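Structures given as structure tokens follow.
Two complexes are shown next, each including chain A; its partner changes from chain B in the first to chain C in the second.
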Partner chain A sequence: MGGGGVSQLLEQIHMLSRRCLFRVLSMGPLPIHLAFIMDGNRRFAKKRGLEDGSGHKAGFSALMTMLQYCYELGVKYVTIYAFSIDNFRRKPEEVQSLMDLMLVKIKSLLDKESIVHQYGIRVYFIGNLGLLNKQVRAAAEEVMKATAENSRVVLLVCVAYNSTDEILQAVKRSCADKDVERERERVRLVDIEENMQMSVAPEPDILIRSSGETRLSNFLLWQTGHCQLFSPDALWPEIGLRHLVWAILNFQRSHSYLEKKKKKKQL
Partner chain B sequence: MEQMVYIVSVVFTCLALLVIPILFITRRLSVHLSFKNILRFIKLAASQLDDEEENNEKRGTMGEEEKRRRLPKHVAIILDGNRRWAEKRGLGTSEGHQAGARRLIENAKDCFAMGINTVSLFAFSTENWARPEDEVKGLMALFEKHLRSEMSFFRSDKIKISVIGNRTKISQSLLDLITEAEEATKSYEEKHLIIAIDYSGRFDILQACKSLAEKAKNGLIQVEDIDEDVMEKELMTNCSEFPNPDLLIRTSGEQRISNFFLWQSAYTELYFPNVLWPDFGEAEYLEALTWYQQRQRRFGLRV
Partner chain C sequence: MDFNEPMLLLSFWIGQISDLGLDLLWRFIHIIVSLCHTVFGIFEAIQSYAISLGLIRKYSSIDIDKLRCLAVVVDIEVARDVSKIVELLQWLTTIGVKQVGLFDSQGLLKKSKDMILEMVPGSMLLQETGEKETSPDRNGIAIEFISSSDNKEAVVKAANILLEKYLKSSHLENDEGENVFTESHLNEALRVVGENVHVPDLMLVYGPVRSHLGFPAWRLRYTEIVHMGSLEYMRYGSLLKAIHKFTGVRQNYGKGLMMIVQAQMVIESRASEITFCLFGL
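Take a look at the complex of A and B:
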């Protein structure tokens, strides 16, 4: 009884101090769009001596915590790299268990008490959805429909996604759109940009990749031309508030310089 | 309750007093802000000699192993920090760029000597046109001067030169020089230097798309048949045997790609040293290669 009371009190203190911290951060410019590459789940499971699948489960709860922080901070768009087209080449058992986990988690988003309804999150599933099995695809489309009215926060889940694939589809669509009679000059930058699946969100301001690897791994290549990259060493299930705060502080340092550059470009 | 609020506010004030000066200091010193760097700073202050010795030891053993272990085939470099370097020394921007150009030639020579096949340099981005006019003119003059003076070196060392980018805005004299350099060196195969002038990753993808649209219009290709390999052949890096860089180095500590290779850097290892470009010498370059060799590249699969 007493233990429960103390942990609740600690939870309240944590939330209060978090709110104070976010208030301080919001004195400076805040990112509108954050992107996460959730790397390191399997290494986490190995490190703790757990069985293979539990790394991804721990990763999922870390994701929920991050989403909560983003919501409290007022970040409007959050993109996550859930499953790459390259990941289909992993061992079939692992792919299957990931698909099963995704199905369970996607279906749970439809619950009334889930985070999407609590925070008014609109969910998009970005990627080559035709590569997923029927159940996952159907569940994803159901979630997209169910959350279409929400507008507080937008969550873009990249599943069966490769940036080169996204660019390729946009290029193909731009080529096919143009009438045979029209000239080559008619394919403009905006045509490609409009045909990108990620055009529903602005470009990310910060891309955070956990586990210390500094590569994009075919994620948002087109959109991260001017995005701040941040690679904390922590594995994804170990990611916490301090990494987010550090990323934002770094963002704020170079923000004014980047804004000046953007204005010059528009001139 | 009051005591709790009191304690919390004291803790936060202390934190703020610590963090804000650190931010200012690191910005002035152009050091990348991270726990690692702060710890490194403290360690360095406490035991400078020990660190130096350790580094020298590491470099010695790495030298032999490097030759045996894998090296990147294609290294891409974003030359950032010339202006800051000049500012630090109280020099003008043009001196900064000149120092950068000298460093470029030296580093290119080192790269090829170490056995790297292809080196790409982000010399001038499409966004750089927005810089002051004299700076842009100075940069173009610098390109001309160095292309002309290094021609004999390129020929003697058999380095193939390719210049990628939008050629419509460059002056005719520079264009002629570029064509001459490319013609003179086109038969060389083992070493390839790619210079990106007026290049942007998005522009590259757009021109590939336009070219594909044209081909589709002329019936040379079906839209459904367009896949990643077809796309790669249309990008400006098709002049190279290894179009995708294995390692991308951006100096001066900024952690952005700034619209350099976008499609091509899907699986590229990104390395962001804090040193400014004119100070990036052989030692720093060795460090980058050592770092690259320690990477585990999985391409989405299991290790």
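Take a look at the complex of A and C:
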């Protein structure tokens, strides 16, 4: 019981010092939209000698912690790469266990005590949802509907997603719109931009990929033209406050440069 | 009322002082961050000099066959100084890179392409070589000139080609209209509008920020994006190290190497140690 009291006290101290740190960081520009590629769950499980699914469970905890930090920092949009279309090529048992975990976690978002209600998070599921099984798809749609009124934070979960598919679907929807209207209408850039699933959020300011991998793996390629890319070596379950703070400090250093480039592009 | 006014004033000044304190603390943290970057830069510089002098053996041999394509992104101010670009291309030719994509957002390098091709011995426009695999007889470097019009605008043009196909097949009143929207169809449409659709394996970003800066999105899927630091501190040794690291790593998807070089506005020249980053937006 004493141990519980001490750990609670330590947690309170940690939270207080974190809030002070965030207060200091807010003296400079803060990102509005953060994107995460949650890479390294399987390697984490292997490294710790855990069974196969445990890495993803540890990854989910790390995600909840990151969301809490983002909320405390005042980040409005958070995008996560939960499952790529390419991941369907993994072993069927692994894909199935990931789908099962996703179903459990998506359903848990509907609980009244869940983080989405606590923090007023609106959830979008971005991707080719038709590739998911009926239960996961239904649960995702239910969560989107249940959180539609929330507005404090927007969480975009990319599942059965990749950028080339997103671009292709946007082109398809733009062309389908034109079919109904006069034949001579052309597809314009604004049509494609509007039909991109990620158009519900502004472009990301920082994209963090854990485990030191330096590729985007077909994630947000269209939207990251002026985005700072950050690849800490830590595996996703090991990601912590220090990585987020370092990413933000570097973002603040290069913010005026990227803003200038964005403005030049708009002209 | 008399009591409230001084209290309000006091809380106002406390607020101001605490904001000032926080601001000073913020600036102090950023000084520490800058120091960290400087120290890291010094270590990088020392290592780079050692590599270029051949003191670190493992970097002396590179399996250059794994690298087929290189891209250089040029800043608008730097793009006017074509000699820097030429020097970079000469370095890349020395390393043995066969294909380079020069990315300049404003298209300034496209305008200077004839001059660049003339000044780099053995160079040729990529279109001239077509999309064939590297021939062992070709010693020079094939250069492709890319700008931001090859990114989203090219996809729009390709979309309009697909739109025409879609409308035609819908009018035939069969189901073929739906099959027009596949990756291979969009690839083909991009080729028709004159775009190279090869996916680079590696992207080296030179500049203050690690960002692909609007490079054609359709080509970036599995590209390794490595930040090389800013233009002022670019070194040949660092370039060799980055390429060596890439060629030593197992590739998931392998078609070519892209190096995106992003140059800062301030250009520092050194006689033999410039690793170049030309960045343009």
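Keep this in mind: the second predicted complex is superposed on the first by the 255 of 267 C-alpha atoms of A that agree within 3 Å, B and C clash if a C-alpha of one lies under 4 Å from a C-alpha of the other, contacts with A are read in each partner's own complex, and residues count from 1 in each chain.
In this text, a residue touches a chain if its C-beta (ideal position, glycine included) is under 8 Å from a C-beta of that chain, and two chains touch if they have at least 3 such contacts.
All values reported here derive from a predicted model rather than from experimental measurement.
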item: Fit-or-clash call for chain B and chain C when the two complexes are aligned on chain A; value: clash
item: Partner chain in contact with A:K112 - chain B first, chain C second, else both or neither; value: neither
item: Contacts of A:K172 with chain B and chain C, given as first, second, both or neither; value: both
item: Contacts of A:K134 with chain B and chain C, given as first, second, both or neither; value: neither
item: Partner chain in contact with A:S163 - chain B first, chain C second, else both or neither; value: both
item: Chain B versus chain C as contact partner of A:R23, first or second or both or neither; value: second
item: Partner chain in contact with A:S254 - chain B first, chain C second, else both or neither; value: both
item: Chain B/chain C common contact set on chain A; value: 24, 162-164, 167-168, 171-172, 174-175, 178, 187-189, 192, 214-218, 221-222, 224-230, 249-250, 253-254, 261, 264-265
item: Interfacial residue positions of chain B with respect to chain A in the complex; value: 4, 8, 12, 16, 19, 23, 27, 33-36, 127, 130, 200-202, 205-206, 208-214, 216-217, 223-224, 226-228, 231, 254-259, 262-263, 265-272, 295, 299-302
item: List of chain A residues in touch with chain C within their complex; value: 23-25, 27-28, 162-164, 167-169, 171-172, 174-175, 178-179, 183, 186-189, 192, 214-218, 221-222, 224-230, 249-250, 252-254, 257-258, 261, 264-265
item: Complex interface listing, chain C residues touching chain A; value: 19, 22-23, 25-26, 29-30, 33-34, 76, 105, 148, 151-153, 155-156, 158-160, 162-163, 166-167, 170, 180-183, 186, 208-214, 217-218, 220-227, 281
item: Chain B partner contacts - residues on chain A that touch it in the complex; value: 13, 16-17, 20-21, 24, 42, 84-87, 89-91, 94, 162-165, 167-168, 171-172, 174-176, 178, 180, 184-185, 187-189, 192, 213-218, 221-222, 224-230, 233, 246, 249-250, 253-254, 261, 264-265, 267
